[in-house]
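Input: a single structure, listed below in structure tokens.
Should a chain be cited, it is by its letter among A, B, C, D, E and F, assigned in written order, with residues numbered from 1 in that chain.
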């Protein structure tokens, strides 16, 4: 009995955090490397369901990097990158969409099976992400920059306490489909909807001063300190677009931005339901 | 960190129970002896708030026995009982209403303060409990039997996820106010609303085969075994109306009825969020 | 221009039918042989989307016979039938669920992609279909008879104008999963929800007096004429459970029951938006 | 059967257009010359009903020029115009209101009879259009310029999928009633509500380069080309306030403005449900 | 100031009556002789608006006897009655519908103009009243008995706090239109919707023991006393169907039935907002 | 009867005022001296209930000056004021909160008992009023200036037609509780919610040119005339913060601001339901 009472007390401890976030929308960028382990995935989905049950409104934006690469390989297509952007011809685009649509179906299905209500959206068919062809890095094919976001159907779902699950592709004025960076898409959506928080999941603990030392985690960083860390190669590679997405979200009016390790069990709950949170928080200079 | 992950896991363990009870109404009879300790009260209210936050719809019906007796004493009025019913003249009735209204105000206020939405109802002003003067035990003054229940304003509140807190007095066809037994009122309300569950809180662990031995708790009892236990004085005193309220609820279509010790920390959560539950469950013969 | 005006006139012709069915729920049993052709599937889904757009509330119940048989084969498992019921051991059940879950995911995804809102439900996880082990045909393993239906989450979705897509498996009191006949499940759901209409899609035009002659379609049949047609082998094989499902729906209070050829292009719209309808209508004796 | 399938296909062809406009508000200015033919009226109303049924939200603003002139004549009052504005003394104003109220009643009644839900609003009683006395053209009596719009009761109706039908009169700060130009009123309402589209119905096909040649229709015109066309008398007379209303709507943030021939059968559907649309579209310079 | 305070007190006096009827539906039969005086009409409509504003849900059912007779005369058609039923050939039916549709338009328009929201329904187009040809009095043409009521669109409107205004014609299974008695139609609707109260307005004060003496009003009558009063000619003529409509409403579960003089200023408010009410109340034998 | 008809006419006279304010939010500052008389309180609460019943949305903000002073005295604590601000140490703050919470409970309870729905909010627990420590008058302890307002939970309640009752305390970034001026709090809330009207109740009739002469009431004053009246001591003492609260509300976009004598019977209704209103209206210079 005593153990049960302790468990009940832990539920009660969550009350102030639930109170703080009830009715608030949180954009969660999920994808890539973090999606591979089935147990991590289950933990992640359970966290979403718990949030849904207590009245918090998560919005999931996902890409699917490693699965796309794998599927391209199966189709005999090569993955080529310029400035971290996947060079995307028509055939590649088909594989991208098929892969993301499959991931989306699975996420939606699993959330519904776990007892939450979820609905899948494609960024192009549902005309969520409007893009222009990306030009800054030369011609990389069907890669788009998000120029505007149609969030009406997403808000409609969060109003009904249904979890929207969106895969990050975009559509241009001629109704052509483009590959978009999921971090950027999540950030643009978060700004358009003026959500409370954006959480970008990755497979490292956050920004580490020393990549070899998990103890060197920077738990909070100001937006104006970032460039220096990039120059010093402390922030590098795939972390750069994530940090940039976080900064843009903050500058666009989102209240909070976090980089979190999706491989930590129940990382979403830990971030939301503890005072300290986990991972690296990005903040505006005070 | 490990400890945090364990805490998160405990939140996740609650998911299947939340799923089972989400959107379901539960009538909770609260009152009397169980109300005296401030820490127990806080635990009780937090449990209600947690239920409210996860979409379960508790409905609170309360009396106020000991406080009424104390206030009568202060007013120089004596407490007289016939067959467990408080003999209620006009002056006594005034004290009863004042006391219950005060308790009601406090419960509503505390629930709102803790972050849930709660609204107070009086059984008479809001015309919830319609009564006839009680006659079976002779003339005991303004004591009424509940003959019908107007639950429309209560349902209106649970539809809005607001916790109704009702104090158990009734009104007759001539708009006179009557004292009613809170166990009976809760049971009648539970039947009228066809709720999922009625939980009657008391200050013992449930029905004990041996009043001296807490290990002798009967965790489940069939309605047709009750009379025998009453005859054998295993069920006696104030427990009798509670058991009867539970039986009437079941016979009226309520799915489950429980007698629970309100003094156990977080007893509501333990009952709802564990498979075994606590206290004594009353069941219809299969 | 003239052609455009004619097209507009055809939209307007649909008005009285839309008016008749707006806000009404229609259970549609879909599955088996009819699911194989991708173009038929697209037509079918577009019809659902059109219905959704004009305020009609379709509810999709599906099985997945041929795909299940194919997947069992892939897994090296044999399909054995007793009285038309698939003998279902534990391994078979796993394949059944995997197959249906996959079909469900695809249907939900495609509906969302086409612009409707759809949500998937499993008959077991979402605890829609409560079953008892089927005994009438001897022990055929995990095959269940639907004994009750929990339609609350389905109604919640139709209230929000979201299309529920349910796959036909059931759950018993011990939370074990059972294979159920999708025709039966659809019929039980239709009765529980007291819907306007049940439409059972198959791959023939309805009941034919002469199986070789499509002109011999019986467009309307009374429930009391059915047994005679079974005795005379005019109704036989897989058509029998479909007719029975239709009869049970009518006897349970559903207003209309139809057997329709899902391979006819836009068969749903033809049935709903023409006076004569298509296929065979089953009616109660007047 | 083949013909039926073709008809069903035409319904399905409308899907992408429905998807594009579902939930969107469209202000439709209707009135004057276009209202006289009963068959045209029926076509027009059916189009509104169809739009209502598929979730598009038309808002009807109407005047009643020719009927007003006819009724003034019956009352022995003369119609005098200054700069296209009807000189409106008190008696004239009475006839204006009576005429518009009658037209309004008929439109509302017919829409309801056809199966849509519609509600009538007067621009003055319901305090939709707040005006100041028009002064730019000298004293023309009770003619007002719309200075602000109270659209709250209109939005309330479109939220409920009910068609608001508003007749164009205004009210000033002293609660006096004024005649207002219906094109202007529609444009001001469209801007206030930030609707998707304004459609101004008239009895010509749009702007014709050569008034004698229907083939000379200008299907798209930039706002900055208009003045030149007015100077060259290509746009003249009653078309000028319509074009101006369209321009002001666009400049105020309305997405699209169209001048359409209401005498074309199902002109509303043709405009909304074809890619090319009909009539003349006014656009902002790119 | 003192006078103003008194007026405010009168508003406050209405509170308990508002409380009693808030959210409750009341069917009001209006029509015939009572409709002729414009000031009475205004009073009547204001009462409806007040009820609408304080959350009471009136539902108006109207006929139009005298206007119909007048319009038939204008059309050179004779009014013939058998057993109080208007013999209705096709031409007569056309006049009936035109007349009622006009009255309906005016009532709806005036209610909207006065600030309430109202929507018109025809008993046939909206398929509210389903009838069979009346036979009990021989062939009187298109006169129907109401056999079932489709109240769904009416409830939809009262849920939105919109006043439904319905004119009493019916439709049979072959979609032919029939004249129906408005008292009967109101009663059938009241039973179908299980409303709180039916109020049948007429142009006398209620049932008078002595038709010449307004002081002889019977303020309350039991259903089982009625036949005797009919036999004694105290209840006669047009009052008989009104009383019968009231009795059928009560026997069908409507809580209260009243016959009220619509020519008394603010008769609706007097009936609802005073303890004694006005007119004659019909009650079930206790 | 005649008297009854007159009473009904008075209800009808209120219609245009109800129409004007239906659905509109009105912030009412209540408190201090005006709260002491039980009959005034009842009148005040009935006015709120009437407003609630007719669809007007009052929001109550209250302090509790005299009760606080009395309770401090009981606790042996002195009331010290600097610039009209109560010097508030920790013990004083406790008494403030206890007193206000008690008043809040009573107001909420009484409103519910009278038949309206009301819910209590504390400015700190519910995190409505965010404050910074007040510094302009030196260190006066836990006295805060309202720097931002979280009105989301308040709007949620007015949307549901529930009356929010808020007591004026604030919370700072470190979750410490501060005493705030209730006039200021009401004004800040009114601006944040952009309500229609703010009504500040006090115990004098408004601004009097001659404090001894009730006939010298200034019924309307421009904001730019105020300073002069302060300089001339016509406005002085506790009236100054009330006027300032009114001015800030107007400058922040609130449509109307009134200072009203809460001791006048039904002062709220008189203000809302008469053309002239009562008390002193503050207006922006035209």
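Here is the rule we use: a contact is a pair of C-beta atoms (placed from the backbone, for glycine too) under 8 Å apart; a residue touches a chain by one contact, two chains touch by 3 or more.
This one's a predicted model, so the numbers in the text were calculated from it and none came from an experiment.
Identification of common neighbours of subunit C and subunit E yields D. Path length between subunit A and subunit F in the touching-chain graph (shortest route): 2.
Residue numbering at the subunit A/subunit B interface overlaps substantially, since over half of the positions present are found in both copies. A rotation of 120° superposes the C-alpha trace of subunit B on that of subunit E, rounded to the nearest 5.
Interface matching across A-C, D-E or A-B places the copy of C-D, with more than half of contact pairs shared by residue number, at A-B.
Most remote chain with respect to subunit A, judged by CA-atom centres, is E. The geometric centre of subunit B is 38 Å away from that of subunit F, both derived from CA atoms.
Taking the mean of the C-alpha atoms as each chain's centre, subunit D and subunit F sit 45 Å apart. Residues of subunit A in contact with at least two other chains: 114-115. Chain contacts in this assembly form a single closed ring in which each chain touches exactly two others.
One full turn of the ring, starting with subunit A and passing subunit B second, gives A, B, F, E, D, C. Residues 101, 104-106, 108-109, 112-115, 117-122, 125-126, 157, 160, 162 of subunit B are the ones touching subunit F in the complex. Remark: subunit B residues 1, 4-5, 7-16, 18-19, 22, 43, 46-47, 49-50, 53-55, 114-115, 264-266, 269-270, 273-274, 278 touch subunit A in the complex.
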